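Accompanying notes for the structure given below.
Chain naming follows the written order as A, B, C, D, E and F, and within any one chain the residues start at number 1.
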Amino acid sequence: MKLVTAVIKPHKWEEVREALETFGVTGMTVTEVSGYGRQKGHTEVYRGAEYDIALVPKIRIEIVVDEADTDDVVGIIVKTAQTGRIGDGKVWVAPVESAVRVRTGERDEAAL
Amino acid sequence: GSMDTGHAAWVLTSASLVLLMTPGLAFFYGGMTRSKSVLNMMMMSFGAMGIVTVVYILWGWSMSYGSDAFGAGKAGLFGNPFELFGLENIDAGAYISVAFQLTFAIITAALVSGAIADRVKFSTWMVFVPIWVTLSYFPLAHMVWGGGFLSGTKGGLVTWFFDNVVPVDYAGGTVVHINAGMAGLVLVLVIGARRGFGKEVMRPHNIPFTMLGAGLLWFGWYGFNVGSFVPSATPGVAGKSGAMFENSVQFATNFVGETGLVWVNTTAATAAAMLGWLLVEKIRDGKGTSLGAASGVVAGLVAITPACGALSPVGSMVLGVVAGAVAAVAVGMKYRFGYDDSLDVVGVHLVAGLVGTIGIGFLATSDGLFYGGGFSQLIVQTMIAVFAMLWSGVFTLVIALALKYTMGWRITEEEEVEGIDFVEHGETAYEFASRSGSPRGAAGSLVTSSKSEGVNA
Amino acid sequence: GSMDTGHAAWVLTSASLVLLMTPGLAFFYGGMTRSKSVLNMMMMSFGAMGIVTVVYILWGWSMSYGSDAFGAGKAGLFGNPFELFGLENIDAGAYISVAFQLTFAIITAALVSGAIADRVKFSTWMVFVPIWVTLSYFPLAHMVWGGGFLSGTKGGLVTWFFDNVVPVDYAGGTVVHINAGMAGLVLVLVIGARRGFGKEVMRPHNIPFTMLGAGLLWFGWYGFNVGSFVPSATPGVAGKSGAMFENSVQFATNFVGETGLVWVNTTAATAAAMLGWLLVEKIRDGKGTSLGAASGVVAGLVAITPACGALSPVGSMVLGVVAGAVAAVAVGMKYRFGYDDSLDVVGVHLVAGLVGTIGIGFLATSDGLFYGGGFSQLIVQTMIAVFAMLWSGVFTLVIALALKYTMGWRITEEEEVEGIDFVEHGETAYEFASRSGSPRGAAGSLVTSSKSEGVNA
Amino acid sequence: GSMDTGHAAWVLTSASLVLLMTPGLAFFYGGMTRSKSVLNMMMMSFGAMGIVTVVYILWGWSMSYGSDAFGAGKAGLFGNPFELFGLENIDAGAYISVAFQLTFAIITAALVSGAIADRVKFSTWMVFVPIWVTLSYFPLAHMVWGGGFLSGTKGGLVTWFFDNVVPVDYAGGTVVHINAGMAGLVLVLVIGARRGFGKEVMRPHNIPFTMLGAGLLWFGWYGFNVGSFVPSATPGVAGKSGAMFENSVQFATNFVGETGLVWVNTTAATAAAMLGWLLVEKIRDGKGTSLGAASGVVAGLVAITPACGALSPVGSMVLGVVAGAVAAVAVGMKYRFGYDDSLDVVGVHLVAGLVGTIGIGFLATSDGLFYGGGFSQLIVQTMIAVFAMLWSGVFTLVIALALKYTMGWRITEEEEVEGIDFVEHGETAYEFASRSGSPRGAAGSLVTSSKSEGVNA
Amino acid sequence: MKLVTAVIKPHKWEEVREALETFGVTGMTVTEVSGYGRQKGHTEVYRGAEYDIALVPKIRIEIVVDEADTDDVVGIIVKTAQTGRIGDGKVWVAPVESAVRVRTGERDEAAL
Amino acid sequence: MKLVTAVIKPHKWEEVREALETFGVTGMTVTEVSGYGRQKGHTEVYRGAEYDIALVPKIRIEIVVDEADTDDVVGIIVKTAQTGRIGDGKVWVAPVESAVRVRTGERDEAAL
């Protein structure tokens, strides 16, 4: 199994979710994160004092997937989350040795 | 002669209460927006407090209560803007009425903003407001309260059809709520819907703020309604003032009796409307919501505004429960017809304003249909309501289109996604850094404000 | 004759101020709950504003100030509910008193809700409130302020024991605070504790809201106490009104002198109580907290409520510091005895209400023990306090049990975990989407509200 | 004779309004701090409400309005603190003035706290406040309003130079704003900057709270300014009271005319200042901010405070727009000169207070420079402004240094990082557990409060 | 070493922490996340407009553990977090190559 | 490639970011988390009721790095985030099999 981690633009989240659902991904875990990268944050002004906000809000998605689906899942995310503008984010894949469904204790593929 | 000091003390209190209503509205509306739009929403209210005050002092009072532009005494459309320009040489006794009345102009303009949340350039709003109050609010205030075309004054609209039926708008059902509601509807149609309207979740980001706003509005509304008492008030001329009175038992009796009744009626209708709205939700959705309670409160306050001097407490409860229930249903319409009246200015203010203004025709203890008064009052009320809708609709449309093709109303779609608070004001509303600071809190550093130094230099 | 217009202006202001106290209470309480319960907490206050207003207009005023149910002039237990039903045919001069008094009924009911936070069906609450005010509040108001059994009227409780000692409750130590505090205690015992009480962290989710509530309560309390001035006020009949006055120098002197003193005393006790509470915390926990300051403010306001007309400013400070310190200790009791008085209605309102009501016996400048007045006033004050506790306790118990075995009070444990805001109202209080929207903000889509269309259709 | 009851009703309302300003200030300031400091910020305001009330009742009123310490009638520096100690044996008619005046002392002390946000021991603040009002506020109140050294009284400062020019400070430009602003500046210089000042992001954590505060301040300010009306007010003695009046048409005319004008002027200046501030931002930063609007509101209210009785509505707008624009630039100075006036007490209160106090010399309709009144008024206004700055500066410096070398002012750097709310009060402001509880919400368990049991035992 | 990641129901967190503590886990890192899966979110109604909230609040726990303890730790979490109702969550295990304690620079097992 | 995960004290974040930037790390993903470990939380008191708050606010940084840079990156974080006091946090390294830049679809090293 693999763990696919994707960091995308927040307003793309809904689309990505739908695309993955259609593909058959039944579950994922989502986190509100802040991104730092080429896409620069913006400048806010409070009583004439300017602040550079370096971080940009992003959505981080974690999906544990069956080996076989990995490339498709990555592909779907990249396709759907793409706007072509800087800050679209990253997707990375890491190995997972085992997974368990807490409710049933089912393991690995069965746990997804 | 002189104004009674007890009455004056109450008018000073009332003016201050109504002034507070606009910040209250900023919270009622601000809580309903998404968290990326709350500051802009509030700024539309605060901005109105700034710009309307200035124009009201310059020509607003003169256009509302100055002698008729087409000759004194004429039941005309607006007062002469130059007669009392800048409040130069007005009688000192009139300042207190200016105080009270300018707060009405402010909140009416601010009410409109709820219809166009999240998507409008602040600069365009700040240009729209002074023009709109000049063409729509001041004239209607003159017509209804300044002895103009919608008052009982000879030559006025209703006097063409009836001899002695006087239109009733105690505190602003037509001038304030129908006017603002209609303006909101027209603006929405001209400006269009928010990106993602009807698809994305656009839930209130801070319902307690909306409850706070409702509470402050309810509180301030006592100034709005009860402060509209006019010595020997004849319905329809509330707000007209400056009349001098000897302090006398007879005045005191009139003052205590009428203000007491108006206070009780205002409360009765508001409470009943809250229950009415909650009831509709309970039946329709299975649960009564706090947003519904807050909305019902406002719907009730709107409905009783024109009627608070003409009904009995029980009659006020009847009006209130109807207004609350009808508005609770009306706010659903926008999804049906697809116009993005974002915070339901139409559903609440236009609808409840009509319920109240026309409801007087049924429930007025003096001559309402249910009290055997026949249809004449009902017809008269409908006439002024319709006229107010037309006037507001036409002038708002003209201004809205003019601005659309000049400054433009909308921010871009990308900017809507980014959030109008940042785009238009360079700010974000909240920074809930955890105790030792969040990444966003810590992230980035002060750019020692060279620009401001430049200015200092 | 006629009510003085200056006095009337102040009563109108006061009624509006007291009305604002209930939204203020919604924030004082709402800030103390967990974020999943804040809306329900606020709705218990707003719901009370709706339902109490309706019943007060229908039969509340009549039961409180109508002539005694057992024959006029009798120092009885409650007024005839039908005499002035719906406020039909009451003297116009009385509306202003209805206005002022109904706000007291509202907040008293709302105060109770703090004891049962997070776990009670909203529907059961909305049934409890009208029954409770009818059986517990209106009778006590009649007894204390309506010339009933706890007033100085011949035939009243104290007149059996003393010839000319008049019980003192200027603005509601017994009727409001002991009554609400006792009701809260009984409800908690009947309804039981929250899931996880005494184990889980149940910390306030928004202390600034609690500070806001404290600020609004303090502000509104000037209406509560100072508005309770009654022309030629004889202690114990404050709030009774409608008496007509010629405007006269002698009246003015009485009005200015008494209201000024009451205002100063209210402030003195509140400030001292805040310091008293902070002092206990500083000694006990090493730090004075902001929640403690807000709580001390309310404890002081509660304690001075019955006493504000009878003490000197310095005496008020003494009463305040005692009330604040005692309440600060009292709120710890619930963990000791294991009753989940969630937001300390007992610790603050019952305890400080007793301190204030009985404290009069020591500190009244006229006849307090410390002023050489002997024990009689002290005994009288204790008598009315105890009687109020019994009355409130018994009737609350009856209602609480009746509802327990019919509608039921509690939501399920799972629902408590899920959060009562969602369970009972279908809402959550906050959605702090980051500037470009959080997953929860974006997650999910609008189900174009078919139900509401159904209703529209 | 007797005080007019209408006037009295308004003073009661005004005292309550000004009392509300301090909680309002707590939100105006609290919203501007980081979320780890909001409670401490609010506690500096609430703490002032507690401690100042106590000292005001004990010796504050006596020092402000008691007969001159150096012999009655002398235009001296402060009143005899023992004469009316504890308000014993003052005329009953004076309580209402005590009520009104003590609220001014409270907010003046609270205003100072904005300069030293996030870093000061609460205990030191609670010691500083009573000493500071005793040495700086009460004397200045006596000098300006108590017939003392800065009033028009013979022997007073200005009477040495001019025969019949009376210094004007209607509601507290010198006593309140210049005094508080100067004190803030001195404290900052003695106490030093926050860790990370000028480097780290120190943005407001909750701008809607700041807007709420601005709204409540604006509302309350009507009590502040309009409540300062004094029968036959001669400029410079506003706030002096207790004078008895027959209710008369002539009084009523004076009352209605002057209060109405003051209300309108207050609103005019505030609105114009908001626009002035936004304009500077629009030009300098490209965007008008909501924090700017809220700040402009306060700057305008500050500037009009001394001037509200002396200007025309149009003149008030001129004063306002200047004050707003100048303050908008002034708040940038602290980064330039590196003093950490955290929430801009200097930039807003000192600067706008000077603009208003001195602006009278130009804009007073009676004798301002622009109205052909020559330079004398301008000089007189400058004299009292400078004297107030010196008095406040010197005494604040003495107290600040004394405390620095005894109790000490600062918490440690680590504690600043940790957050002063936790360090000084053992609390954190917010816990936005998601609906089913966040880890921090769930994390940890109740330590059944043994200490409090100890106290109970 | 392994990284054990668990996504559980928030109100179970306290129990899980205690169980792990008893077992001897001295540290972990906790994140508030939103879950998407079989357990459907709920419906909220605002002014008659119904919104389906697809996401469910969850708690995400990360524990870097010594190879040997992995199965025990997973077992304890599954046992304690189980309610048997849909939405109990997942636990997965991934390889960790090295770990460092920032305070001391100690590495790997010593870092835990 | 590797995934470097660091859990550090929040007020150290800014310094760490700068240090990494200087070294040439162009991007990272940051999450607000709560930490549980030797560093005990603190005690809050509300109306005389004391609560032990077991968790401590931390910042969690994720950086996908080129194999070669891993040790340097870890070293920089440890050096900069160190205060020597308990609670400084942990850094751990896990394998990453592939990474994609959403905007361009570039893979692996090129995606960083």
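Criterion: a residue touches a chain if its C-beta (ideal position, glycine included) is under 8 Å from a C-beta of that chain, and two chains touch if they have at least 3 such contacts.
Note that this is a predicted model, so its numbers are computed, not measured.
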Are the two sides of the chain E and chain F contact the same residues or different ones, given that same means over half of the numbers occur on both copies? different
Set A-B beside C-F; more C-beta pairs touch across A-B
In whole angstrom, the CA-centroid distance of chain B from chain F equals 51
Chain D to chain F: how many Å between their CA centres? 45
Intercentroid distance (Cα basis), chain C paired with chain B, Å: 32
Identify all positions of chain E at which a residue touches two or more other chains, and write them in rising order. 11, 14, 17, 30-31, 34, 36, 44-46, 48-51, 53-55, 94-95
Multi-chain contacts only, two chains or more: what residues does chain D have there? 4-7, 9-10, 13, 200-201, 203-204, 206, 212, 247, 284-285, 287, 289, 291, 329, 331-332, 335, 417, 421-422, 426-428, 430, 432, 434-437, 439-440, 442-446, 449, 451-452
In the complex of these two chains, what residues of chain A are touching chain D? 44-51, 53
Within their complex, chain B touches chain A through residues 200, 417, 422, 426-428, 439-440, 443-449, 451-452
Given the complex with chain C, which residues does chain B contribute to the contact? 4-7, 9-10, 13, 17, 34-36, 198-208, 211-212, 214-216, 218-219, 222-223, 226, 247, 249-253, 255-261, 263-264, 267-268, 270-272, 274-275, 278, 280, 284-291, 293-294, 297, 312-314, 317, 329, 331-333, 335-336, 417-419, 421-422, 428, 430, 432, 440
Mind listing the chain E positions that touch chain F in their complex? 1, 3, 17, 26-31, 64, 94-103, 105, 111
Per the contact definition, I'd like the list of chain B residues that touch chain D in the complex. 1-10, 12-13, 15-16, 19-20, 22-24, 26-27, 30, 38-40, 42-43, 46-47, 49-54, 57, 86-88, 92-99, 102, 122, 206, 209, 212, 246-247, 421, 424-427, 429-437, 441-446, 448-449, 451-456
